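In what follows, chain A forms one complex with chain B and a second complex with chain C.
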Partner chain A sequence: MRFIVVRRTRSHPYIRPLVIVLSLLTGMMLVAILLTLIGAHPLATIVAIAYSFITPQVVKDMVLLTMLGCALLISFKGALWNVGAEGQLYTAIIPIVWITLYVAPWSASSPPYQSILVTLASITAAAIFGAMWGAIAGVLRAYVGIDEVPVTLIMNYIAYYLVNLLILGPFRGRYVYGYIRTDDLPDAYKLNINVVMQRTGNAFIDGFLEFIRVIVYYAYWVLAAILVALLTWIVFNHTSIGLKIKILGSNPEFLKAVGVDVRRTIVMALTLSGLLVGIASATYYLGDLTRLTYPIQAQTAGYGYLAILVAWLSMLELQLIPISAYIVSSLRNAGRNMQIFGLGGLESTLILLGSILLTYSTLRFLTEYEVRVVK
Partner chain B sequence: MSDEYIVLKEISKKFAGGVVALDKVTISIRTGEVLALLGENGAGKSTLVKILYGLYSADEGSIYINGRRVDISNPSEAIRHGIVMVSQHPQLIDALSVAENLALGLRTFSVLTSIKRISNFILEKSREFGVRVDPWEKAWRLTYTQKQLVEMLRAMLLNARVILLDEALTYLPLEEKKKFYKFIKEFAEKGGSAVIITHKIPEALHVADRIAILRRGKLVGIIEGGRARIEDVRKMMFGESAVEITYERLPASQPRERSVIETQDLWVTGDFGEDAVRGVNLRVREGEVVGIAGIVGNGQRELTQALIGLRKVSRGRIFIGEIDVTNRGVHVVREMGVGYIPDSPLAFGISIDNSMAENIAALYQRKSMLIDWSKIREMASSLIEAYKIMIPDANSLIKVLSGGNIMKAVVSKEINYCKIALIAHNPTRALDEVSAAMVRKSIKERAINDGVAVLMVSEDLDEIYQVSDSIYVMNSGKLYGPFPPDEAERSKVEHLMVI
Partner chain C sequence: MSLEHYIVNSIIELAPVFATFYLVALGHSLFEKAGLLDLAIDGVFFMSSSIAVGVAVASGSPVIGTIVAAISAMLLGAALAFLMTSLPISHGAIGLSMMFLGYGIGIIVGYPARLEVGSIAMYAYGESEAMAIMAVSIAIGVFVHIILKYTKLGAAIRACGENPHAAASLGVNVLLIRLIAGAAGFAIMGAGSSFFTLAWQKFWDPKSYTLGYGWLAFTAALTSGRHPIVLMPISLVFGGLIFYRVKIGVMYGVEKDVANLVPFIAALAAMLIFYSTKLKKALAPPASLGKIYYREERTI
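Here is the complex of A and B:
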């Protein structure tokens, strides 16, 4: 009897989500074993991690990471490794701060429709800034031949320091009690819906209601995420640019031979990617962040980097982006919970992330291959 | 006949998309024999030898060498068992010398062995095997024939007992091919074995001791080489479709006066800075098929790439439809309705990770913002049917197809696309006789019925004579001709190809 590895003749319908779930379970077991070796109770570890998957805190991260994951998918499909979502995220916030605090600041005398106009203008401006930031890397790659990975990475830091300069200079708030930050976003421009839920005393019902409250709070985000996912789906399934990006990722020579301007396609892919990051950025700032604090690189939640993980985990499949966004959000949440549960510090979080990614990297070969036992 | 050295028993293989490549094939390779594997496109010939060479793994079945079951999961193991494959495309690294290329695969030398010692060893061995190779020559300077010779020498240096030739001789000129066959015969007489995959049935009949015929993944029969008749072999390979095979000259076109493809003193630089195309003057008229004969590597690739706009012209002009398109890019030429069957179909002809429909859409709807998929799928289905492409449906990925069927996908979309001109480089490469006959007929029909100007470059002289209204010969970047096919003596054309 021997084992042979053969390429699957037809794709298993559930293999991709199955691999993700299997990686999660194996990774969790691995962490439990590792933490048991240093004295933690294995059950406590598993409970802490499992709990993180069902807490309302994952909703916010999941929705935002879904948007950013879709944005990165646009460039990744074209084998353009845009690792600059973090920079695009903060660059896109610049025009929002300018519009909401300086161009059209809210006052008691402002007409009610101003909030709608400013919000729309903010989202549009953020999308344009995100697109422009992405386009810079696209132009450098297409016309100068500079690899987009170091460019987009370096541009993250340029974005951080550009935002820092603005916070220290023209954007420095007037009502900040000595802190170095921008003024708060006026309430009229905030993209969230606050509802108060009456507590019932029943833990299960209260937990469920809290979920509802969080989803309602981020209802605009959910709408934006659906819009971004829909846009991504339309781009890849119905537009010629989407097809060109896909072929760019598999055979750019062929693209050139049919008469497509490959350089323009590269620029378009990174521009579109940045544009969607811009939309995500607007929802993030208007719905949750609401101000920029100096130094930004120490304050950032690192969503731009986590989005790379989301896109990678999805195996570049659009329908798996929300699932991988949910997993990455839950793992981020699990890291925090493990620290709260006294199961170690940052290192436990990193072990958890590392173990799951390790098992995932190992098991993802099952999507294309199967192991057979031959007599 | 001697003993069975290798037995492939009940080998089955399916590819993604459910394509059955091999279905319980049992075949043996005897010591000291030349075995020819024949079959139509997608019959499973290449898959079978790739399984034996460890490039693919069989889903079912086993391999026995000298009666002992073996696992061959990669080429290194195959080489350890004395099995070496030579493919259609030489695997040499162009920037390295012959000796450096050969040293890469040899275990005889350590990392510290000087290249001078390796070169001397190779020179000595090449003399011993009767192969003339200069070990100090850079690979890019070699002709296609010389590269294939180096590949054969590599097989010898690896102490091959079984050489697998997967269409390795397809593009060699006839005279060179004869020398290779003589070499293979001698190798078999010394106790080696060779498995040859070819679409040229007469050659298989001439050289092979046995002929195994595959059809749709099944072994339909094995015939002793001496007793086989070409008609019987064709019948076994193609069934009723065998009657479609013809090498008769196709009806001549009636070219009109209008020039569609024209070059004036065209110079094109090759990959290594050399002048690959040297002062070419060429004219293809509306409705005319111009054939360029020549041995691979004489500037044909650079010429066709320059015409379509993929390669910069260093001197001279190109006119398409009487408009100067010199160095204006592929999009300008494509926009005018020029089809292009490239020399490297897997690089420039198709994207194998995409579906048939997507490949067609990339060409036909690259200018539209939204893609009309129903129109594209309809077109894909009609091409699949017309060219008998073995593919589950228009949404299936190209990579699940056999080499011949991939070629049919490339050829069909380009022949269908061209409106004023078609630039076709080896349009029937890797196609079986029935498919090749159909493609030649389609090309000629487009010229006669629609007035398409066709420039066909081919290493296959039979093909050139069958289709062309006018023949040129390309050698060392220069173009000789035109010659009318009815008057041009074959020996004269062959002479021009090798001078």
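Here is the complex of A and C:
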């Protein structure tokens, strides 16, 4: 008896969700086993992970990761593995800090429309910075032939240290109580809607109301995520560059044969990807982060890396990005819950992500191939 | 201090740094020579350096730490080589997943040792062993070069990297060859990583997975064309940049983060020079690096 791998003649209707579910279960099991080995109770681990799927905290991460997932989708569709969203995320924050704290700082005499103008200018500048940072990798790949994976990864570290230098130097805050960080973003520029919900005493109703409160709090993010998803859909379905990117990913030789400038397509794909990361970055900074703390590499939540997982888990399908973002956000929360329950810390999150990604990357071939047993 | 003393001291200081970068980049090169793309490097680097610490503290011997780190990495390398060769799956995706997993496992393994002993200095290699570590690293490099260039096994490894389909039709067992290259390459990487914590830094910190030194070794291998001999001076330059960055920073009054930036800018510059000059042709990567090896019907 032996196993053989053959290409599927027809695609299996349930294989994609099956691969995703299998990957999730395997990842959870692996974490439970590893944590059991170091003394944690396996059932407590599973409960902590399962609980994370229904906590309101998942909303914030899900919305942000949906935006970043869409951004990476643009380059991934073209088989351009932009793993530099982390660096693009932080470089895009640089102009926002500059605009909001130094160019147009808020004061009591500022006109009301200033907050709208500054917010719009910040988002635009962040998008431009993100695009420029992404374009560097695009140019190096297209015109020099350097693989984008090491370039974007190395540029993440360059971004960290550049931002650190700015925090230590020109961006160092004056009202920071001895901490090394930037000043807080003025309240007038914050993208949040605060609502107070009255507690009823019923756990189910209160939990539901908390979900509503969080969604309202991040309403601007939800709008931005819808905009980014819409832009991604338009790029792929109604623009020639979107079509070129898709062909670049599936059949680059065809693109060359019909006379398309492949180099330009590569640069455009990575630039557009960076641009959308920039928009996500602006909402993240204006709605949640609100200041940069030194050293940034020790403070980062690692959203840029999590977004890779989101894009991969979606199987590069735009409609699956929010679902994938929800799963990854829940898993990130699971890591935090495990810390709260005393079941490990950062390592749990990393192992959870790594094992799910590993299982998924391994099993993904089953969507196109099948394994047969022959005598 | 006389010039001779100064030179000897500098070599002793740099020896563990060189051994770390050189062996990690060398193992990575051997893995990639067989056509297997290795994006797991940074995770494996951190994981192996943590395993080395955990085992050295438990056994009281840095040598046992290095051996166990090499064996763990070897098993992982063989597993990755098996998956990448026998299944039509993305080398890049598998490698990056392994990177995250390596970070997580590294923290799990290293943390208890640090809690137990605080400082690992007494379980690390002494200064007197630095030159031996460097000599062994160079010897391993020369050995790998001879194997790759002058033996049938080396020719088979290179053939698997250039065109595995052609190699298979000439009678090469692609899976077996890649298993050997994968296991040997990762074993060398594991040993090199152990020197990071046990000979160079002599401390372990869970946050050191954010340093990105694995990626610098990746760049060193890439710019040397994965050639074991060319890799020696390049590893020395990268190691020197990392090691002396703080001293240079202090000497010239440069911020720590500027000094931290320099190796990464240098890595980008090195890649730029490599790809935009004739070096790219002379030290070209294996033609099938990272490509899925799939024959229409594949037995696993």
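Assorted remarks:
Note that in this section the second predicted complex is superposed on the first by the 303 of 375 C-alpha atoms of A that agree within 3 Å, B and C clash if a C-alpha of one lies under 4 Å from a C-alpha of the other, contacts with A are read in each partner's own complex, and residues count from 1 in each chain.
We take it that a contact is a pair of C-beta atoms (placed from the backbone, for glycine too) under 8 Å apart; a residue touches a chain by one contact, two chains touch by 3 or more.
Because the structure is predicted, anything quoted here is derived from the model rather than measured.
In the superposition on chain A, A:F171 makes contact with neither chain B nor chain C. Using the contact criterion defined above for the overlaid structures, shared-chain residue A:E253 touches chain B, although it does not reach chain C. Within the superposed three-chain model, A:D261 lies in touch with chain B and out of touch with chain C [touch as defined at top]. Once chain A of one complex is fitted onto chain A of the other, the partner contacts of A:V5 extend to both chain B and chain C. When the two structures are aligned on the shared chain, A:Y90 is found in touch with neither chain B nor chain C. Taking chain B and chain C in turn and counting the residues of chain A each one touches, the greater count comes from C.
When the two structures are aligned on the shared chain, A:Y161 is found in touch with chain C, with no touch to chain B.
Looking at the shared chain after the overlay, A:R364 reaches chain C, while chain B stays out of its contact range.
In the overlay built on the shared chain, the residue A:V144 is in contact with chain C alone; chain B does not reach it. Comparing the two complexes, residues 2, 4-7 of chain A contact chain B in one case and chain C in the other.
Interface residues of chain A, counted against chain C in their complex, comprise 2-7, 34, 38, 81, 83, 140, 144-146, 149-151, 153-158, 161-162, 164-165, 168-169, 295, 297-298, 305, 308, 312, 344-355, 357-358, 360-362, 364-365, 368-369, 371. Residues 2, 4-11, 238-241, 243-244, 246-247, 249-251, 253-261, 372 of chain A touch chain B in their complex.
On chain B, the positions that touch chain A within their shared complex are 14-19, 57, 59, 71, 73, 308-310, 329-331, 333-335, 340, 342, 347-354, 358-359, 361-363, 365-371, 373. Interface residues of chain C, counted against chain A in their complex, comprise 39, 43, 83, 87-90, 92-94, 96-105, 107-108, 111-112, 206-207, 210, 212, 215, 218-219, 222, 255, 257-258, 260-261, 264-265, 267-268, 271-272, 275-276, 280, 294, 296-300.
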